[in-house]
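The chains carry the letters A, B, C, D, E and F, assigned in the order they are written, with residues numbered from 1 in each.
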Amino acid sequence: AQELMNKTNEKCFAKCVTKPSTSLSGSEETCLARCLDRYMEAFNIVSRSYISRIS
Amino acid sequence: QAQARLHSSIHMLTSMCWDKCVTGTPSTRFSRSEEGCLANCVDRFLDTSLFMVKKIEEQRAQHGQLS
Amino acid sequence: QAQARLHSSIHMLTSMCWDKCVTGTPSTRFSRSEEGCLANCVDRFLDTSLFMVKKIEEQRAQHGQLS
Amino acid sequence: AQELMNKTNEKCFAKCVTKPSTSLSGSEETCLARCLDRYMEAFNIVSRSYISRIS
Amino acid sequence: AQELMNKTNEKCFAKCVTKPSTSLSGSEETCLARCLDRYMEAFNIVSRSYISRIS
Amino acid sequence: QAQARLHSSIHMLTSMCWDKCVTGTPSTRFSRSEEGCLANCVDRFLDTSLFMVKKIEEQRAQHGQLS
């Protein structure tokens, strides 16, 4: 779970905080919240595909 | 240990397929093309690995015939 | 060992913030926007980590209420 | 040899399969076959340069 | 210090030597010298921010 | 162990020089510019490392004189 959080933070910071300023803006926080949900969804899609393929 | 390798493969594939398939700003759901890309990404990557192994074995067989 | 983890975090953050903030050809000094970006990059990355943890805890609490 | 195959798969998938669909297309397979040969060639060029420089 | 040098070489080669030719040109060397100073400066800015935040 | 370090350097250099030099779709042979770029990439990377060490030693010597 730690590695999943590290990857999510890294990918979502890269996507949502393109010009770091003196605080996170509202639109950056909206982007981060959606990105968190989408990365978890992608992780689930990938896990299902991979496990069904190698089983 | 097999468990650790499995997790590490899934993290690598998620990261790679995310970069390939999710190109826009994250929304409340994936677009149809992002979803299709993600659903196919793992299978095509594994197909790619098998294809590469097959090509290498073909080349080895050819070299064997020539020698 | 804590020392090693600290160094590894600083190297990771320097590399990431460099790629995000320093986009032009290196000059004799950073531009004002590069300097501001670098100065804020670490703090916003740590804010991002905290924000993500808070979101996950909110979602867990909601799921708890529903069950 | 395992690491060379892993790298080749990663680089060639990135280059040749830009939009993964329901199967590998003919043009994707052509690209992959050429990419495999070119990556091996690049590996040989790099190995020769590196070894002659450090010897 | 070894890891800092490795990262600096990697980042500055990526930025300054975009088309490797038969020797480093004068403008590539100027770029590399500036890049070295800027990467060290970035490392110092990041270290200060990170240490003051986690203290 | 020296063997392992040698292999790891060659893999790192191949990956980096591939990304820098091979920008188009793979063909049946490298273009002249791709081939030249690959042939020079390792030597210029090693030149870069030596140049950086020289610069750092110059700066240390200068600081030594000033103090």
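The criterion applied here is as follows: a residue touches a chain if its C-beta (ideal position, glycine included) is under 8 Å from a C-beta of that chain, and two chains touch if they have at least 3 such contacts.
Given the structure is predicted, the values throughout are model-derived calculations rather than measurements.
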Between chain B and chain D, the fewest steps along chains that touch one another: 1
Touching both chain C and chain F (chains): E
Per Cα centroids, the chain farthest from chain C: D
Maximum centroid distance from chain E, chain identifier (CA atoms): B
Interchain centroid distance [CA atoms averaged], chain A/chain B, Å: 19
Whole-Å separation of chain centres (CA-atom averages), chain B against chain F: 29
Multi-chain contact sites of chain E, meaning residues that touch two or more partners: 12, 16
Multi-partner residues of chain F (at least 2 other chains): 17, 21, 41, 43
Sequence of touching chains round the ring, chain B onward through chain D: B, D, F, E, C, A
Residue numbers on chain D that touch chain F, as the complex places them: 3-4, 7, 11-12, 15-16, 31, 34-35, 37-39, 41-43, 45-47, 49-50, 53
Chain D - residues contacting chain B, complex: 5, 8-10, 12-14, 16-24, 29, 32-33, 36
Footprint of chain E on chain F - complex, ascending: 16-17, 20-21, 33, 36-37, 40-41, 43-45, 47-49, 51-53, 55-56
Contact footprint of chain D on chain F as seen in their complex: 7, 9-11, 13-15, 17-18, 21-22, 25-28, 30, 35, 38-39, 41-43, 46
